[in-house]
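There are two complexes below, and they share chain A, which is joined by chain B in the first and by chain C in the second.
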Partner chain A sequence: MMVSQLTRGERQGSILIAAAVALCGLALAIAGRNDPLGVHGAFVLVGSVALIAFLLSRLDSPEPDVSRRPSEYYDDPIKVGIALSMIWAVFGMFVGVWVAAELAWPSLNFNTAWLSFGRLRPAHTTGVIFGFGGNALIATSFHVVQRTSRARLAGQISPWFVLLGYNLFCFLAVTGYLMGLTQSKEYAEPEWYADLWLVVVWVTYFVLYLRTIARRKEPHIYVANWYFMAFIVVVAILHIVNNLAIPVSLGHAWSYPIWSGVQDAMVQWWYGHNAVAFFLTAGFLGMMYYYLPKRAERPIFSYRLSILSFWGITFFYMWAGSHHLHYTALPHWVQTLGMTFSIMLLVPSWASAGNAILTLNGAWHKVRDDATLRFMFVAAVFYGLSTFEGSFLAIRPVNSLSHYTDWTVGHVHAGALGWVALITFGSIYTLVPSLWKRERMYSAALVEVHFWLALIGTLIYVFAMWNSGIVQGLMWRTYTESGTLAYSFLDSLVAMYPYYIARTLGGFLFLLGAIVGCYNIWMTVRASPAAAETALKDLPDARWAEGTATTPAE
Partner chain B sequence: MDIDHATAVAFSKSWGLFYLIALSIGVLIYTFRPSNKKRFDRAKKTILDKEDRP
Partner chain C sequence: MAELFHRKIERTAIGFVLAIIAAASVGGIIEIAPLFTIDETVEEAPDMRPYTPLELAGRNVYMREGCYACHSQMIRTLRDDVDRYGPYSLAVESRYDHPMLWGSKRTGPDLARIGGKYSDIWHVAHLTNPRDVVPQSNMPSYPWLARTSLRTDDLGLHLAAQQLIGVPYTDEMIANAARDALGQALPDSDYAAGVQERYGDEAQISAFDGVTTELTEMDALVAYLQVLGTLTDAAYENTVAPEEAPNAEDLAAGPATTSGGR
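Coming up: the complex of A and B.
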């Protein structure tokens, strides 16, 4: 499928690009030798050579009719993007359940460095945020920009380059963690060479997006595209500034950031919080503003409100990052600035959540009957809840109780499971039937099962972490009459035990839901009338006769 | 002139405020300009079209 829409010249072009990447891999492998850099170079080399072999084997397969291109959307990269997104979802969530279980039963690391919490935890966060979320964002943004602009993607090879290049980055990231590689910057753990590669991929993504919008036949750029563009532009800026680093040498994976001390901390959390804002919020709001009205078959409640909240979100979030550094060496006024902007953020955030929910006003029967739409409705509710919680936790005195506790973990998961994952599943269930030209998903009942597994899993998880977080926070600040701490750290750890088990269960249910979703998507793609027809044509004569012979009996 | 902490603070506390206010006014004008109403209405309705061709 990947090459059937490429001309011979485009296939040759792709081979050249893959060959250039293979050469980079070879250079890294030689320069790195026994260093993890060398291992990564070898991975890149092997992967690119496999891609070249694949492309060569299909070089002479039938070419597409180029004249039809302007009247057709380019959906192949979107289909592969959705598949990759679901694979990463299962991988990332499985690792998440594993690390959650390790906290309750530490012997699950089997005394292996590779399976230690410190290495698996970033594999989980990268797997779900960048693997699952990122692929879903790339796939849906390619879909939304084409449909809302009524224009085909402005490139044949570049969408593949963006998608596969991005997945190479995720792969280098996760395998790096398992080998013990990290920059020790949360959500920005990958090392310098992977970071440089992502810059190339991301700039291509931005140029592709802009060129597609420039081709648009609609006079106005639909608001979902504004959110996707904010996501692409700001992530590029954040990624470059936060990852400025000097490698130990060109033959080593390790590097030192150019920032130091409190400036480094501020740059990291300016990055970290805006990753939440522009990766986990803006992009997914782009999804929401397209797929929710589409599924509900109702226009967005207020288009003007969606524009106002867009500018509110983009310009307020930029200043909120310092709330991660309350009570640190960061100047007090900078902390206060972050706190103030975090509270102001509630206005555009609730405007977006309210806009989504009011769009459904008058279509509540659809929310009741259609689990896909319900995914998106509940996502909007969780978006409202977790942005309120976020503003609340950013208040300095509240943060003195919540910081460093599981409350933060609960907050992040209310957002990541309740908002990000649910809006993604809702969008994917809307997108898959239309993309593969099916009337509906293979099983509406399985979408329903997925919905309840996801919702119950999220609630168990979040309630467990709220409880354990507040218990931790209180135990750490309880003093005896003589002014010493009443509990040791170990006491608080023992108190966490039941919550850690509950959290593992919640995560496990969520993972089960994702697996059910994968099966449902797979069956929708496979069990097609069109596919069945071609499969029959492909059969040898004898089996074809046998097939027709059994038909009357059915 | 030395750019020290105080200079940075003075700059952020003045220009940071002014440009955000200017931006808000600009966004409000764009959003509520009567001549934009038609484009917005069209934008929010056309995405619901069933036709799946460019």
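Coming up: the complex of A and C.
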């Protein structure tokens, strides 16, 4: 499938790019022969040589009719992106369940370095955030930008480069952690060479996205694309500033960030919180602004609310990171600014959540009957809940209780499972049938099963972590009548075990749902295509007959 | 009016991107840039020293194993934090930390002042199998640390990289990095004296893992844990009283006393 849309010249071009990557891999393998860097170099070399061999074997297969390109969308990379996203989802969630179980039963690391909590935990976060979430964002952004611009992606090779290059980054990241390579900056753990590679991939993504928008046949840029653009641009800024580092040598994977101490803490949480804002919020709001109205067949409730929430999120979020550092050695004025803006953030956040939910007015019977739309409705509700919780936890005195406890973990998962994963599953269930030209998903009942597994899993997880976090925070600060601390740290840990077991169960149910989803998608793809007429509507030159769904109501 | 303006900018992709960059830059610039220019941000601590090569190598093991995911190194200005862990952390204490390891989660206790609280042998036993010394612990065991010899041939490069980004390592420290690492864990060797010569009399020379025939990752990690909180005395001088936790009025009033809360 990958090469059937490429001309012979494009296949040769792809081989040249893969050869360049292979050379980089060779250079790393040689320079890092005494270091884990060499292992990564060898991985890159072997992977790109395999890609070259694959491309060479297909060099002479039939070429596409280039003249038809402007009147067709380019969907092959999207299909692969969705498959990769679901594979990463199962991997990342499985690792998540495993590390959750390790906290309850520590012997599960079997005294093996790469199986221990500290190395697997970033494999979980990277697997779900960047593997599952990132691939879903790339795939849906490629889909949304083409449909809302009524234009084909502005490149034949570059979408593949972005998608495969991004997955190479994720692969280097996760295998690196297992070997013990980490910058130890949360959500920015990959080492310098992986970071540099991501910059190359991301700039390509940015250029591809802008060039596609420039081809649009609509005068206005649709709101979903505002969010995808903010996601691409701001993540680039955050990634570059936070990851500035000096490698020990060009033959070492290990590096030292140029920032230190309090400045490093501020840069890190400016990054960390805005990774939440622009990766886990803006990008997925882009998804929501397209797939939710599309599925509900209702126009977005309010154009003005869209503007308000977009610019509010873009401006306010960047001030909020310092709420991760309350009562620390970070100067008080920065903490206060972070708290203030975190509270103000509630306005644009609820404007978005409200805009989504009010869009469903007139379609509530569909929310009741259609699990796919219900995924997206519940996602919007969780978005509203977790942004409220976020503003609440950013208030300094509240934070004195919640910080360092499982409450933060519960909050993150309310957002990550309840919002990010549910909006993604809803979008994928909307997208898969239309992409593969099928009438509908293979089984509506299995979508329903997935929905309930995901919802129940999320609720168990979040309630367990709320309880454990609050218990933990209260135990730490309780004094006896004689003015001494009432509980040792160990007392608080012992109190956590039942909650750690409950959260493992919640995560397991969520994982089970994702596996059901994979099966359902696989069976949908395998089914025979629907009648050609449904496919005909989905072309750049066709006015979307009922396509008003994505034009805002006034 | 505003809506008309927006109708205009959403017609140009480049203009829209520039507007996003402008709106998104303000917060970071205002909150981060002054941290480099306002002198009060980081306190003075003339007695502060950088990590020895062995401690730095131990710090890298700490990072590699992801210890930061469960242990903070940042005691907050809250009474219960101070009573449990010691004087609250100052910015200067992590000024040479590239990166900082303040952490965000306490599945285990804070480690900012763990140095000197337990013996070397306790740390070795605890890291090898935490449940041997703390039966209820859920910390992973790290038996491979004592079996894995420490790579020292490139420690000079590590120090040189740190020197480049502002850590006050001298060229002499860089040249002697591998020897100093060995000397710090081999008290009877000829190299031991050089460590205190270069890093001060307070630098601990000890057979950290109890074995003096081989330098292991366990030596490095224990050396690092034992130095935490001891690089400067600044936190024990001239600091104001910690804040009461917000619900403190419910609790018995009384002077903050250091208890065996750990």
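By definition in this document, the second predicted complex is superposed on the first by the 528 of 554 C-alpha atoms of A that agree within 3 Å, B and C clash if a C-alpha of one lies under 4 Å from a C-alpha of the other, contacts with A are read in each partner's own complex, and residues count from 1 in each chain.
Convention: contacts are C-beta pairs under 8 Å (C-beta built on N, C-alpha and C of every residue); 3 or more make two chains touch, one makes a residue touch a chain.
Here the structure is a predicted model, which is why all the values come from computation and not from measurement.
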Between chain B (first) and chain C (second), which, if any, makes contact with A:73: first, second, both or neither? first
Does the superposition put A:4 against chain B (first), chain C (second), both, or neither? neither
Between chain B (first) and chain C (second), which, if any, makes contact with A:361: first, second, both or neither? neither
Which one hits more chain A residues, chain B or chain C? C
Name the contact category of A:61: first (chain B only), second (chain C only), both, or neither. neither
Could you say whether A:12 touches chain B, chain C, both of them, or neither, answering first, second, both or neither? neither
Based on the superposed arrangement, let me know which partner A:290 touches: chain B (first), chain C (second), both, or neither? first
Looking at the overlay, what does A:270 touch: chain B (first), chain C (second), both, or neither? second
Regarding the shared-chain residue A:217, is it in contact with chain B (first), chain C (second), both, or neither? first
So which bits of chain A does chain B touch that chain C touches too? 219-220, 303-304, 307, 311, 315, 331, 337
Under the touch definition given earlier, write down the residues of chain B that touch chain A in their complex. 5, 9, 12, 20, 23-24, 27-28, 30-32, 39-48, 52-54
Can you tell me which positions in chain A touch chain C when the two form their complex? 102-104, 106, 109, 111, 113, 116-119, 121-122, 177, 180-186, 210, 213-214, 219-221, 226, 229-230, 233-234, 237, 241, 246-249, 252, 254-268, 270, 303-304, 307, 311, 314-322, 324-331, 334, 337-338, 341, 397, 400-401, 403-405, 408-409, 476-485, 487-490, 493-494, 497, 500
In the complex formed with chain B, which residues of chain A make contact? 70-73, 146-148, 150-152, 217-220, 222-223, 290, 293-294, 297-300, 303-304, 307-308, 311, 315, 331, 333, 337, 434
For a test of understanding, state which residues of chain C touch chain A in their complex under the given definition. 2-3, 6-7, 10-11, 13-14, 16-17, 20-21, 23-28, 30-32, 35-36, 38, 40-42, 60, 63-70, 72, 74, 76-78, 80-81, 83-84, 88-110, 130-131, 134, 136-144, 154, 157-158, 161-162, 164-167, 243, 245-247, 251-257, 259-262
